[in-house]
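Labels for the chains are A, B, C, D and E, by order of writing; each one numbers its residues from 1.
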Amino acid sequence: MSLVETKPVRQDTDVVVRLDSVSKQYGAGANALLALDKVSLTVRQGEFVCLLGASGCGKSTLLSLVAGLDEISGGTLDIGGRHVSLMFQEAALFPWLSVSGNVELAMRLRGIGKAERRRRAAELLDVVRLTGFGDKRPHELSGGMRQRVALARALAQDADILLMDEPFGALDAMTRDILHDELERIWREQALTVVFVTHNVREAVRLGDRVVLLSSRPGRVIEDFPVGHARPRRIDSPEVAGQAADITDRLRAEVARHAH
Amino acid sequence: MSLVETKPVRQDTDVVVRLDSVSKQYGAGANALLALDKVSLTVRQGEFVCLLGASGCGKSTLLSLVAGLDEISGGTLDIGGRHVSLMFQEAALFPWLSVSGNVELAMRLRGIGKAERRRRAAELLDVVRLTGFGDKRPHELSGGMRQRVALARALAQDADILLMDEPFGALDAMTRDILHDELERIWREQALTVVFVTHNVREAVRLGDRVVLLSSRPGRVIEDFPVGHARPRRIDSPEVAGQAADITDRLRAEVARHAH
Amino acid sequence: GGGDEASAGGGGTTLRLGYFPNITHAPALIGVNKGLFQQSLGDTKLDPKTFNAGPAAIEALFSGAIDATYIGPNPAINGWATSKGTALKIIAGSTSGGAGLVVRNGINTPADLKGKKIATPQLGNTQDVALRNWLKKNGFTADQQGGGDVSVLPQDNATAVQAFAQGAIDGAWVPEPHLSRLQLESKGKLLIDEKTLWPNGQFVTTHLIVKQEFLKEHPDTVKKLLQGHLASVDYIEKNGEDAKKAANDQLAALSGKPLKDEILNAAFKNLTFTNDPIAASLYASAQHAQDVGLLKPVDLKGIYDLAPLNEQLKAAGKPEVSDAAAS
Amino acid sequence: MPTDVKDDAADRLSGLDALELSPARERDLGRRLWRATWPKLLAVGIVIAAWQLVVLSEWKPEYVLPGPATVFGDLATLVTTGDFWEGVRLTMLRAVTGFALAVLIGTVVGAAVSRFAPLRAAIGSLITGLQTMPSIMWFPLAILLFQISESAIMFVVVIGAAPSVANGLISGIDYVPRTWLRVGQVLGMTGFARYRHLILPASLPSFISGLKQGWAFSWRSLMAGELLVIVPGALSVGVRMQQARDLSESSLVISFIIVVLVIGILIDMLFNAADNALRKRWGLTGT
Amino acid sequence: MPTDVKDDAADRLSGLDALELSPARERDLGRRLWRATWPKLLAVGIVIAAWQLVVLSEWKPEYVLPGPATVFGDLATLVTTGDFWEGVRLTMLRAVTGFALAVLIGTVVGAAVSRFAPLRAAIGSLITGLQTMPSIMWFPLAILLFQISESAIMFVVVIGAAPSVANGLISGIDYVPRTWLRVGQVLGMTGFARYRHLILPASLPSFISGLKQGWAFSWRSLMAGELLVIVPGALSVGVRMQQARDLSESSLVISFIIVVLVIGILIDMLFNAADNALRKRWGLTGT
């Protein structure tokens, strides 16, 4: 069905996330909306997969299925009981907790001691360049700052699989570059598996081992680009720009097909 | 203080928005945070001004001051009692209204009749490429779709001044391109004055008559780039890319100065 | 909690006695205030409980929360009826008289009552039955829903007094101290003194009841209770002013405020305190209630157990009382 | 709640096959009804069984704690008399009228109090003060103002319930998210339009919860207030209840407790229906 | 509300000058106190003036509607007796204990009901049913279970107030935004942790509003329930109130109305303090 399927699927134990003809329908009857249509996708241990697709094509839906937040309507989905962390498209911080409270909560739930929590939270806030903002309340932050707190919270979970839904959408290019580096470092150091949704094709090529393209509603996998360039990559390097241009063309063709 | 000031300030009646040494401080005492520091800026009738700056530098704050949502802490601000519309950084749709209900509300408050409202709302949903989604509820939309509804709602206000806070941050490149065209068309047809916050430097150069750069916290105007290229512009044209690169360099220098 | 078993099984080490902080319960007020009950009970401890109204007292008696209580005739009859004669016995009289119809100025004869609103304390209680019976005798109709020639409105005494003071009702058939209060404070006029409707001017207002089981298991304690009761009634007879003061003191202790002297005096004048339960009036009143359809036919035979009382009276050389109906 | 989400997802799944859609729906409705009913039946069953056991143990004599059979017998007799239904009708009429009035007044007061800071400082706390006042304390004032009349009952009911409604609204308004208020300001909402289009809908959840509490208050006040007036023709529930107690008839008392509970439960179901519709609109349910 | 926002902005502006900071704050505190006080004083003044006018008009005789002078005289006498304060102490002790119990039970029941769908279907609506039951209907049961004792009073209070608390919590839980629930799920919250870290804090606003209503219910139930047990010497507020009515002493009745209102207002201020702290935390106030 999708291009992924044409490759021989390796039945190795390495596969961390396996989606097989997964469909997702919202609502029922006349009101039904098919968000995902027979999506098949595998992600291997330690892989960094970027998802691209038009607005409303089902990227967030896909992540929430993988995270187990919604039930699939068809197909099979298997993550082998692994511990998943999801960074939502909206920051969704808890207003009754301070910034560091929000970050610490994820650790608290895993029973990590207070001092350790405190230390880790401060560390993570450093990573997202929010040193000194630990005692603020979420409503005192700017949009981009909130997004970064959400990132810190997601990282604090120490999950096996990290799902990220447009994590850097509200950040300026410079901050974004810095966080690209940080994320790449953490991913490498902790051997994380990452599924990363973005609208920024260059970002996808900068970060991903593979870039997976979803079609417009209903979402299907239409192409799976391996990214071969050696790391560390730079977002403004010619290779990244080049492959990004290719992918953009493919994406443009797809969007055009769905005559908006 | 800022570069704008070095130009001879024309006291013409054309000026729609005038900020003079505007400061904004949140909180008080030990908890005080200076978000904007003596910002001076003028926007003329029909001008399209883009605002760039690092995350948390005070862009949203500036817009909310202009919209009259917050009180300034110092300086003077004058919009001559003009009718302002603000598209927030978050979609902030009302969950108790349907999509078209949200769009119509702005018109309803201006006493526009039901049939006319309906027609206009459908039209605006077409503009943002959400034809047929009028009867959905906000929670049934994807993040990018919600953002587009918020855009439609802001446009429905028919304000003199349109303030937009990262309006296309959650959209894929293709949808974004389309909406650039639409926004440019509406801006020209209705002789709107637009202040547009974005993190995408190319987008700023693609759309703006001027691109204003804010420094990192506290926000100050550090540079005001006029954009000379003829319209219609294309975001991937070399001129746009070229000026965007210049501005990015300047911005990068500024961020570097504030050793994150 | 749990006092039920303790007192029943523990040889009557405590007597839980109920009464109301109300002037018609003067023998109880004085007996408690002057320690007369405790004196006669000896090492059996007196545990007095107060109630606001008859139903709560009956509920408490039924549930085994008290062993005996002073109470009006009406709740006693109801309690007798619902328990099919198994829950209680009336063992002595306490109070007689002190009820009547007070009306506002301008109503001078029974005939003037047509179309008027008259309050009673509660549908089917002694005063309510008395009013309805009296109205029937005078040729008026009055139904249970407040309709008829005269509108009978059951409402609690406090509300009736307020309503009367504000002219919302035209009269009320109430017991003491409200009877005196309506006359003294609201300048009402006593149209009917209930005394005048009964032979010898005697009708039961309050009597003493005891739980049957308790009577069976602790006859001695009941005897001692009766001794205390008799002493209290005696005390009122012999020390008029002192008794009033003791009653009012106890009222003040229970309610925070004593009755005003004039009301206290007037009420005491209208009330008679007697050991005689005036059985005849109870039977007659019950019959009247059945006549006006406010009481299902009930066999009151055996509701009295006056033997212990009479034993004591005899020992004291006083006339015995009877549980026979008048006729 | 997760369970719901799962179930609904399953429902949707079954709805996928368009051909089977309507039978599936019927099955769904039946299943949903059953799902809503069996726990109730079970609960009632458990209560009755426990009750019967206590009665059988002869802990208390039958006239103190009558058994279910006796009570349901009496209840059956009660509900088959036309008089009883007249009374229920009268009481419900008063309850609904009084409640409607209370809602009206409570809404206006709540909106005004939350709108004007000095008014709030002046009487905001008084609202809770009023709420704590036992109904009978209003009797003198009710009689003073309205004599012995239906209006006096209404007065007692309204003064008992309106504070609850007002408090629910005030709390709802206080917790309207700031973003929405800002959106409203940008949209140029002022005065009444602001309440109509923003504040009231945004505070509706808390308002409905206030209404529910208000209903409870108004009903309780009514039970007390009905003792003020007996209107020729029909004996209201409050009066009958009082009489059942006065007559010390345990079985009748329990019957009336059941009657009041059943009415309360039915009304609650109405509120729940409103609440569920609202939550669905707001996207708070799985469906 | 816009007015607040403006004022606070002005305050902040004045706070800009660091040198003047502390005197400005003192001035602020004074101003804020004054702003909270004058409307109350004005309201009380208006009420007393109107009352005095009605009395002067001789609409009703003095023994029906006594004037402010008489009432405040009586009230002064009342509050200068140690007995009165003993009674208030007793009543407040009962109220606080009963309310604490009701909160405990209401919270557990509310959490359980909102957690388990069958339980909700079974007894969810019963909660409102219980709420509507007049306190006096519980007397027989209270006496049956607890004899004539403090426990009987507690029973009446708890059964009167707990449903309110439970309903407030349930409504709050029902309106926890779905996003937060999803975040909680992703963070791996289950069982108790989910309640402790997500559901309770998220539903706190509605919960506090439920607590407020619960307080009103518990207080009202207490006023009725206190008549069950009279402890000579320390006469509770409920008993004194009833006696004031029984004695038909209008002036005393009004005095007790005032006492109850004042207690209610003071308690409301406590709740408001909690509420304001919460709103500040949530970023719902201008400051």
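By definition in this document, a contact is a pair of C-beta atoms (placed from the backbone, for glycine too) under 8 Å apart; a residue touches a chain by one contact, two chains touch by 3 or more.
Every value quoted in this text rests on a predicted model; they were computed, and no experiment measured them.
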item	value
Shared chain contacts [subunit A and subunit D, defined touch]	B, E
Shortest chain-hopping distance from subunit B out to subunit D	1
A-E compared against C-E, more contacting pairs	C-E
Geometric centre distance via CA averages, subunit C-subunit B, whole Å	84
Centroid distance [mean C-alpha coordinates] between subunit D and subunit C, Å	40
Rounded Å distance, subunit B centre to subunit E centre (Cα mean)	47
Residues within subunit D bordering two or more other chains	60, 64, 139-140, 144, 178, 185, 245, 250, 282-283
Subunit A: positions in contact with at least two other chains	26-27, 90, 139-140
Per-residue overlap in subunit C, given as positions that touch at least 2 other chains	59, 63-64, 158, 162, 166
Residue ranges of subunit E in contact with subunit A within the complex	179-180, 182-183, 185-189, 193, 197-198, 201-202, 204, 278, 281-283
Of subunit C, residues touching subunit D in the complex	54-55, 58-59, 62-64, 75, 78-79, 82-84, 86-87, 117, 122-125, 143-148, 151, 153-156, 158-159, 162-163, 166-169
Subunit C-touching residues of subunit E, taken from the complex the two chains share	60-61, 63-64, 83-84, 87, 139-140, 143-149, 151, 227-230, 232-233, 235, 239-240, 242-250, 252
Touching residues (chain side subunit E, partner subunit D) in the complex	1-4, 35-40, 42-43, 60, 64-65, 114-115, 117-137, 139-140, 144, 163-164, 167-168, 171, 174-175, 177-178, 185, 205-206, 208-210, 212-213, 215-217, 219-220, 223-224, 238, 241, 245, 250, 253, 256-257, 260-265, 267-269, 271-272, 275, 279, 282-284
Complex contacts: residues of subunit B adjacent to subunit D	64, 67-69, 83-86, 88, 90, 92, 94-97, 105-106, 108-110, 137-140, 153, 157
